[in-house]
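Below: a set of structures, written as structure tokens.
In the two complexes below, chain A is the common chain; its partner is chain B in one and chain C in the other.
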Partner chain A sequence: MALNPMEQFTVRPLFAEPVLHIAGHPIYFTNQSLLMVIVALAASLFLTLAVKPGRLVPTRGQSMAELSYEFVANMIHSASGEDGLKFFPFVFTLFIFVLCSNFFGMVPGSFTITSQIAVTFSLALLVIALVIVTGFVKHGIGFLKLFVPHAPWYLLILLVPIEVISFLTRPISLSVRLFANMLAGHTMLAVFGGFVVSLGAAGGIFTGLAIAPMLLIIAIMLLELLVAFLQAYVFAILTCIYLNEALHLHDHH
Partner chain B sequence: MELAAAKMIGAGIACIALVGAGIGIGNVFGSYLSGALRNPGAAATQTTNLLLGFALCEATGLFGLVIALIILFT
Partner chain C sequence: MADEAPHTATTEAPHEGGFPPFDTTTFPSQIFWLVVTFAFLFTVLWKVAGPRINGAITQRRRAINGAIAGANAARGEAEAAEAAYRTALAGARARASALAEENRQALNAEVARAKAEADEKAAAAMAKADADIAATREAAKAQVSVAARDTAIAIVAHLTGDQVSPEDAADAVKS
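Now for the complex of A and B:
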């Protein structure tokens, strides 16, 4: 194996000097921090500047911003009902951040923030913490009824532990889903890129054959663009579904 | 040497998880299509569930793939 396809995921400090020390631990400004700053700046600048003039007939940029707003608002409304719209700023920020991180990661040579389990797990913990706080604020101790489905008592002995475990594994599955999709996709692109390089270097007829993995990379790239959007969407809609459970427990709205 | 060979075999075995993901994704889209062709009017309302099912399905297989990558490259 000539090139290590996992090399693209290494986090490197950009400056030799640590930016600050927290309790004796040096905090470096890494390539990941840089991409995070770029993503946050680009997303917030685009969304604020595009709608600032408030044109009646929107330009392309403005209608993109408005469409994403309506898309997320509809998603929250359908998944968690009318009172889920209180959480619109949170879900919208989460969606746009994950979406932009995924798309910025697709640029060749850049760094995919969401391919780091630390980042996705922090986001997932944030979501679960919000769900728990919302549930207890809204229902008080009655929030624990979430773990008791409508069933005869002898089934509850089995069902309650299952419900508790499924609730506790949510941050893990939520974070690993996004992380694994990004990691697998980018590794696959790197492996096929390695095929192109080694075929091209082989000389003779093999150099011409290098076009085949090249075409495949283009197809995979398109698939990865779809996955990048889909994973951001799934992350946001699962947040809405978890929030819906915290807001309405088991009763259907 | 034996450790390296065992790692390779382990990574290969971990990739079997993707079989289930393949079957699952096929099932999701196949069921959606057969349902959508029977009742095209309701098809558009179910795209959210379709994408959700696809993503949940795909993720379970990728858990296995990540284990394989971790075995290979760490």
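Now for the complex of A and C:
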């Protein structure tokens, strides 16, 4: 079964019966749903219970929780400024959710939530929707100035469509970046895992050679741990940057 | 419930050979559970975990700042105490040297007075002694002329048998 490297991305129901129907679509509790529930519960419990206010010397767990909190707070502060901090709960949730999804996906035999374009695109749409709502609430119709850079009018004919297109492609780039990174890493691991199995099964000298892809898997695994963190960070920081534009338009200087 | 039953029961991939992430039949389930779990996590982090962590961080920051302020205050106190000690020490030293100076002067005056008194006494004693010596000398001198006169009378009387009057004898001795 493990020989098809794409097989690991299959979303399959854990129970035959759908949990409920929404507009005629059956909703199943799938392997992905299970991981999502695990991620949400684990992150909630850890970030709540590891921290005890009034504990002046933090435990290791509390240190991690505080570190992630301050990491996200600093990220928002540097990318979106002081008034970006009102989006802290959202960006923090986004970062923790993506980070935990990526890391839990690294556990062999589990499922990588973020390797599904449906999930990453939904998250990206959520971000862009928040950006648009924030922009119009803060600036009214003036938010559309976001698409008008400071340039002579004859250049604007060219620049405005480009700005509009670049804005519209943001949910795509944001979601595909995360999706493709996770997909590629896990595919690569599965491919090299397949090599180990087939070489091991081949017998003779090939069994010994199976050590080569095995070592490679370890190296890729380490790289994937880095990618797991990095993609969560990129997703969160891009959210902050987009929110910053909605809050402050183009007013650099 | 128009189930097209794409998933009905099995553990099999719905479209063999397809690319699983693009299998749109799974999208409703994916998005539904994403909304549920994300909303749950958001609520917990927003209402419970976030304030808790923030509380822990600010509490620690406050405790550290309080401790630093306390240490600064204690240092200020210690410095003030040291300054007070130094001024007290300097004052005491000044007082002590003033006292010593005073004592010295009093002693000097006493010594000078005693010395003057002793000098005076010695001078008086010396003058008296000089006077005594002079008187004795005068007495001795008188004694000598009387003795010489008597001797002269005695000699004259012995040699000549004449009785010389003391006045004559005295004149003779004197001449």
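Here is the rule we go by: the second predicted complex is superposed on the first by the 248 of 253 C-alpha atoms of A that agree within 3 Å, B and C clash if a C-alpha of one lies under 4 Å from a C-alpha of the other, contacts with A are read in each partner's own complex, and residues count from 1 in each chain.
Going forward, a contact is a pair of C-beta atoms (placed from the backbone, for glycine too) under 8 Å apart; a residue touches a chain by one contact, two chains touch by 3 or more.
Treat the numbers as computed from the prediction; the structure is a model and nothing was measured.
For A:98, select first, second, both or neither according to whether it touches chain B, chain C, the two together, or no partner.
neither
Is A:119 touching the first partner chain B, the second partner chain C, both, or neither of them?
The second partner, chain C, only.
For A:243, decide between first (touching chain B), second (touching chain C), both and neither.
neither
Return the chain, chain B or chain C, that is in touch with more residues of chain A.
C
Considering only the touch criterion stated at the top, classify A:6 as touching first (chain B), second (chain C), both, or neither.
A:6: touches chain B and chain C.
For A:234, using the defined touch cut-off, is the partner it touches chain B, chain C, both, or neither? Pick first, second, both or neither.
In the superposition, A:234 contacts chain B only.
Looking at the overlay, does A:78 come into contact with chain B only (first), chain C only (second), both, or neither?
first
Applying the touch criterion given at the start, work out whether A:183 contacts chain B, chain C, both or neither, answering first, second, both or neither.
It touches chain B and chain C both.
Which partner chains sit in contact with A:62 here, chain B, chain C, both or neither? Use first/second/both/neither.
The second partner, chain C, only.
Between chain B (first) and chain C (second), which, if any, makes contact with A:40: first, second, both or neither?
After superposition on chain A, A:40 lies in contact with chain C alone.
Common interface residues of chain A with chain B and chain C?
6, 179, 183
Touching chain A in the complex: which residues of chain B?
Residues 48, 51-52, 54-56, 58-59, 62-63, 65-66, 69, 73 of chain B touch chain A in their complex.
For the complex, which residues does chain C have touching chain A?
Touch list, chain C to chain A: 1-3, 7-9, 11-14, 19-23, 26-38, 40-42, 44-46, 48-50, 52-57, 59-60, 63.
Which of the residues in chain A end up touching chain C in this complex?
My answer: residues 6-7, 9-13, 16, 18, 21-22, 24-30, 32-33, 36-37, 39-40, 43-44, 47-48, 51-56, 58, 62, 65-66, 69-70, 88-90, 92-93, 96-97, 113, 115-119, 122-123, 179, 183.
Over in the complex, which chain A residues touch chain B? Could you list them?
Against chain B, chain A makes touches at 4-6, 75, 78-79, 173, 176-177, 179-181, 183-184, 187, 230-231, 233-234, 237-238.
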